[in-house]
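Following are the structures in question.
Next come two complexes, and both contain chain A; in the first it sits with chain B, in the second with chain C.
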Partner chain A sequence: MSARTHRAASPWLFLLPGLVIIAAFSLYPFISTVGTAFTDARTLTPGHWVGLRNFQDMLDDEQFWTGLRNSTLYVLLVVPCTVLLPLLLALLVQKQVPGIAFFRSSFYTPVVASVVVVALIWVWMLDDRGLVNGILGYFGTGPVEFLSDQWLLLFSAMALTVWKGLGYYMIIYLAALANVPKELHEAAAVDGAGAVRRFISITVPAVRSTMVLVGALSSVAAFKVFTEVYLMAGPTGGPAGEDTTIVMLVQRVGTGLSGRTGYASALSVVIFVVTLVLMLLVLRADRKDGE
Partner chain B sequence: MSVSSGRTRGERGSSRGATRRTAVVVVPLLLSALTLTACGSGGDDAGSSADGKIEGDISFQTWNLRANYKDYFEGLAKDFEKQNPGVHVKWLDQPAENYADKLSADAAGGTLPDVVNVSPDLSYPLAKAGVIMSLDKEPAAAKFKGDYTPEAWKGNELPGLEGSYAFPWYLNTGPLFYNKTLFQKAGLDPAKPPKTYDELFADANTIAVKSGGKTATLAGTPSIEDFGRYGVPLMNADATKFTYNDAKGTELLTKYLELFKNGGLDSQALTSGPDAVGQKFLQQKVAMNPGSAHDLGTFKQNAPDLYKNLGITDAPNNTGHPNMYVMGMAVNSKSKHKAAAIAFAHFITDKQNQESFAHKVAIFPSTAGSLDQPYWTQDDGTDEGRIRVASARLLKGAVNYTPVVMTDEMKTILKNEVAKALQGKKSPQQALDDAVSQSDKLLKQS
Partner chain C sequence: MGGRMPRWQLVLRYVLLLAVLAVTIGPFLWQLSTSLKGPTEDMYSYPPKLLPEHPTLDNYSGVADIIPVWEYALNSLKVAAASVVTNCVGSALAGYALARLRFRGRKLATTAFVMALLVPFESIFIAQFTTMRDLQLNNTLIAVVLPGCIGAMNVLLMRNAFSHLPYEIEEAAVIDGANVWQRFVRIALPSVKGTLAVVAIFSFMGAWDDFLWPLIVLSDPDKYTLTVGLNFLHGTFANNPRLVAAGTIIAVAPLIVMFACLQRYFFRGVGEGAVKG
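Moving on, here comes the complex of A and B:
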C-alpha cells in the first residue's frame, strides 16, 4: 500500500467499527422501518404494499391522537423544567463549601438508579394507601388519586422524569458554568448588579448553547417517553388508555405474536418526523437568539 | 475560496463554527431519533423429515417452570436421551412476562426451539405463519392422537386452520384465592366463598359496606374470560366477529359499574395490571384474586399471615362450566430434527410423564383416562386432596373461554373501553359496542 493510499484509507479504517455499528443498529433499522411503514406487515408475516393506508388509519385512530397529545404535553411541560431546574441546581452546588461533594452525589444518585426501581418506588409512594396519601391523610386531606386520575397520573410521571433527569443535566451545566469567567460576575457585582441580574445577564448568556443542547436532548427524550409512563400507568396506558404516549402505542400495536409491525412502523416514522422538527425548532431558536 | 458572499473571514469562521456546533448537536440527536422499532421475518427453511430417525440435537422451551421444577425437567431430558441415544436435548425456560414477545422474536428470527410450550392463543399466530406443525397432517405425530382426551386434542385446533397444533399437556382451572380474615370481618362465612357472579357481587357489596369502603373484593376489571364465565357469547360460530356486546355482556359490565361505585372494585382497578393486582392481594388490601397453583409458594414465603387464612375456590361462573387453561407442546415446522422433536414433545406429554408432573404440582393431565384414577377421584382427607378432586370433576365440563383469535391488542381495547364505562364516560352498552367494533376491524385486517 502506497503512503498516499495509506493516508487516504487510515481515517476510514479508524471510523469503520463505529460506521458498521451505526449502519447495523441505526441506519438499517431506520430504512427498514420506513419501508415497513407502507406495508401491512405483521410480526410473523412480511406483508404487502398498502401505500399510505397506515397513515390514513392513524387519522381515525383515537389512540394515536391520545398518544400524540400526551407526548406533546410531555415536551411542553417537562422540557422547561429540565432546562431551568438543573441550571439552578448547578448554581447551588457550584459553590466550593465543605461537604458540597455529598450534595452533588446525592443529586446525581437518581440518574444512576434504575428507572424501573425508581418508578416502582414512586408507584408505592403515590398509591391510594401509600406514603404520600398517608401524610396527606394525617393533615386531614382525602386520598389524592395520583395513579387513577388520568391527568394526575401523567403529571406524576412527568415529575418523575424531571426528578430523575435533574442530576444528569446538572452535571452538563456544571461543566458549562466552570467556563464562565469569575471576573464577569465580580465586575457586575461591583457595578451593583444583584444575584438575579447577574443570573440573567451573565450566567444565562454564557451557558446558552448548553441550554440549547439540554433543551434539544430533553425534547427528544420527552417526546419519546415510555418507561416512566408505562411503569406508572400500566401496559394499557392508565385509565381507559388515556395516558398512552405515542411510543407506548408503538409498543402496544407492534409487539406480540400478532403485532401490526406495518402500522407500528408508520407510527415510528411520525415520531421521527416530529422529533426532527422539534430539534430544528430548538436550533432555529438558538440561531435567532445568537443573531 | 469564493468571496462572492461578501462575508469577512471572521464571519465565515463564525459560520463554520456554528455549522460545526449544529452538527455536533444534530448528528447524535438524529441518530437517537433514528433508533426506532423495526421487525423482520424468519427464514423459510423447510426443516427435516418427520418420519426419519430419532436423532440430533433438539431444544425445548418451557414457560416459567425452571424456578420450581428444574430437577424434574432435567430428569425428563436425561430419560429421553437414555431412551434415544442419538438425541441431545437442550432445555430452555422463559420467564412468565413477555413470553409472547420472546416467541415472536424467536419465530421471526428463525430461532424458535424445536419443541415449544404454548397455549392455544399463542399457537394461533404461530400456526397461521406456518411456524409450528399441524400434528394431524404429520402421520408421525397424528398416530398419538388417541393418547389424549378428545377434548384436549380438539382444544389445540385453531379456527380457519386444519388440524391440532400442539400435543395437549396440562390443564388447569385457575383457582380463585380469597382472604378468609377479610370475609370473616365482613360477617361472611369464610367456608362459603361465592360460586356464581350474583353471589360474588353480593359478597363484594357486603365487604365494601362493612369495611366502610376500605376493602375491595376485586382489584381487576372484567376480562374476556369473565364475560365467558358469566354466560356471554364471545364470538360467532366461525370466529369472525365478536359478540360480547349483547344484552348479557352489558348486564355484566353494568354490575361491575355498580361494584366500582360502591368500593367493591378497587379504585385503581382501571390501571392495575396482573402484577399490581397480585400485590394488592398480597398486602391484604383486596379480598379475592385469581391466580395459579404457583402462587401458593409465593404466599407461603412472602405473606405467611395471608397464607394461614387463605381460601381457595374456583372462579365463579354462571354457566356451570369453569374456565380451563390449556397448555400444549408445539413442534417447530422448520425443525432440523423433526422426528426427534415430535418424539420428545410426545414423551413430555405422554400419560406417565403428565401424571408424574401432576403429582408434583396442582395441575391436571390431559391424557385419556388419567382423571379417572383414584388420585383425582378420591378425597384423601387433606385440603389439597379435596380441591384436587373437586377441580378434576369440574374440568370434565370446563371450557377454554379465551378466543384464540383475540390478540393482546384486542384485550387492551376491551380493557380500555370497560374503563371508560366504569369512569362514566360511556354507557356500558356503548363501551362494549365500541370495543367490538374496533376488535372486529382488527380481526378483519389479520
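Moving on, here comes the complex of A and C:
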C-alpha cells in the first residue's frame, strides 16, 4: 500500500468499529422498527403490510391509554421535582463548610446503584410492616398500603425516581452555580433581600438554562420509565394492570413466543415521537424565554 | 468569600445536611442491617433497630442456595468488563478520527453518531431482540454487551476531549515522521486519560446496572446478570426480606466501593455528559 492510500483509508479504519455498531444497533433497528410498525409481524412470523392498522388498534386499546396516561403523569409530576429539589440541594452543599465533600458524595450514592437494587430496597421499606409504616405507626397512622393501591404505587415509584436522580442533577447544578457571581448575592443581601427573594430574582435567572437542560433530560427519562414501576408494581403493572407504563406495555406485548412485534413496533414509534417532541418543546421554551 | 455565616445559620445548614443524609444513605444502611439480621430477630420491631442483635452472614450464603448469585455476579462482571474495553477502544478510535483527522465525510460520520444519540433504546429494543435472534445470539452474554458496546455518547465525549488538545503537540510528531497510529497511541491518547477514565467508569456502571435489555434477551436463568437475577429472586422469594437484602447488597457494594475510590471521575462524567447529552 502506498503512503497516499494509507493516509486516505486510516480515518475510516478508526471509525469502522464505532460506525458498524451504531449502524447495526441504533440506526438500523430504528428504521426496521418504523417499517415493522406497519405490518402484522409476530415473533415467529414476518408479517404483511397492514398500513395504519396498528395505530388504529392503539386508539381502541385500553392498555395503550393506561400506559400513555401513566407515562405522561410520570413526566408531569416527576419533572418539576427533579428541576427544583436538586437545585435546592446544590445550594445547600455549595458552601464550603467542614465535611461538605462527604455530604456531596453521600447524596450522590443512589445514582451509582442500579434501579433494580434501589427499587427492591424501597419495596422492603414501603412494605405493610416495613420501616416507613413503622414510623407512620408511631405517629398513630395505620399502615399505608403503598404497594397495593394503584395510585400510591405509582406515586411511590415516582418518589423513587426523584430520589435516585437527586445527586445526579445536584452535580449538574453545582457546576452551574459555580459560575454565578458572588457579588450579586452580596449586593442583594446588603439591600435587604431575603433568602427566598434572592433565590427567585438571582439564582433562578442565573441557572435558567441549566434548569431547562435538566428539564429536558428528566422529562425524556421520565416518559421512558420502566424498571421502577416494573419492580414495584410487578411485571403485570399492579392491580388490574392499572400501573402499566408505555414501555412496560411494549415489553409485554412485543416479547415472548406470541409477541406482537408489529403492534409493539407501532407503540415504539409513539415513544420515539413523544420523546422527540418533549425534547423540542423544552428546548423551544428556553429559546422563547431567552429573547 | 464574604463575611462569616452566623452561628444559627451554620447549625441550620448541618441539620438540613444530616436530614438529607438520612434520606439518601439511610435506605442503604437499613438494607445492610436487614441483610445481617439473624432468623430469630424481629425485623418489624418498633423502634427499628439499625444494629442487628445477632449479626450473621448466613443470609449471604442463604441467597446463594436459592439463586446462583455469585455466578450472576460473575456474568455481570463479564458484561461490564467487556463493555469497558469495547467502549474505551471503540470510542477513542472514532473520537480521534472525528476530532483530529481531515477527510471527506467527516461531517456525515459525526451526524451519524449524533443521530444515534437521539434514538432512545426504549423505542428500538423490540427490533434489537429480532436482530439478536437473526444473529442467533439470543440468550448469550454477547447479546447483552453488543448493543451498548460502543456508545455514541462516548464517541462524542472522546471527540470533544481530543479536539481540545493543542495542535502543536501533534505537529512536532508529524515532522518527526510519526504516522497516524503512532500519533494516536503515543501522543493523543495519553493526553485524554481523564475522559477515558470517565468513559470506562460510566460504561461499567451502565452495564452492571442495566436491567431492561438483559431481561429481554436472556431467557435461561443460568445466564442471568445480577439485576435480572434479583428481579427473579424478588418475584419468587419476596417473603424473606433478609435474603433479598443480602442479594441487593452484593449487587450494590462493588459500585459503592468503586465510587468511593474514583469519585472525581464520576462527578466529572456527570458534567461532561450533561453538556453533550
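Methods note: the second predicted complex is superposed on the first by the 266 of 291 C-alpha atoms of A that agree within 3 Å, B and C clash if a C-alpha of one lies under 4 Å from a C-alpha of the other, contacts with A are read in each partner's own complex, and residues count from 1 in each chain.
One rule holds for everything that comes next: contacts are C-beta pairs under 8 Å (C-beta built on N, C-alpha and C of every residue); 3 or more make two chains touch, one makes a residue touch a chain.
In this text the structure is predicted, and so the values were computed from the model without any measurement.
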Combined model on chain A: chain C and chain B, fit or clash: clash
Chain B versus chain C as contact partner of A:32, first or second or both or neither: both
Dominant toucher of chain A (residue count), chain B or chain C: C
Which of chain B and chain C A:252 touches, first, second, both or neither: first
Touched partner set for A:92, first chain B, second chain C, both or neither: second
Partner chain in contact with A:108 - chain B first, chain C second, else both or neither: second
Which superposed partner A:163 touches (first chain B, second chain C, both, neither): second
Partner chain(s) touched by A:19 [first = chain B, second = chain C, both, neither]: second
Touching partner for A:264 - first (chain B), second (chain C), both, neither: both
Contacts of A:68 with chain B and chain C, given as first, second, both or neither: neither
First, second, both or neither for A:240, with chain B first and chain C second: first
Touching both chain B and chain C, residues of chain A: 22, 25-30, 32-33, 36, 123, 127, 129, 213, 217, 220, 234-235, 250-251, 254-255, 259, 261, 264-265, 268-269, 271-272, 275-276
List of chain A residues in touch with chain C within their complex: 6-8, 10-12, 14-15, 17-19, 21-30, 32-33, 36, 89, 92-93, 95-97, 103, 105-110, 112-118, 120-125, 127, 129-131, 134-135, 137-138, 163, 166-168, 171-172, 175, 182, 186, 213, 217, 220, 224, 226-227, 230-231, 234-235, 247, 250-251, 254-255, 259, 261, 264-265, 268-269, 271-272, 275-276
Complex contact set, residues of chain C against chain A: 1-2, 5, 10, 13-14, 16-17, 20-21, 23-25, 27-28, 30-31, 34, 44, 46-48, 86, 89-91, 93-94, 96-98, 101, 103, 106, 109, 112-113, 115-116, 118-120, 122-131, 146-150, 152, 155, 179-181, 184, 205, 208-212, 215-216, 226-227, 230-231, 234-235, 238, 241, 244-245, 247-248, 251-252, 255-256, 258-260, 263, 266-267, 270-271, 274, 277
Chain B contact footprint on chain A (complex, rising order): 22, 25-30, 32-33, 36, 40-46, 123, 127-129, 145, 147-148, 153, 209, 212-213, 216-217, 220, 233-241, 250-261, 264-265, 268-269, 271-272, 275-276, 279, 283, 287, 290
Sites on chain B touched by chain A in the complex: 18, 21-22, 25-26, 29-42, 100-101, 103-104, 107-108, 122, 124-126, 128-129, 131, 267-268, 270-273, 276, 285, 407-409, 412, 415-417, 419-420, 423, 425, 442, 445-446
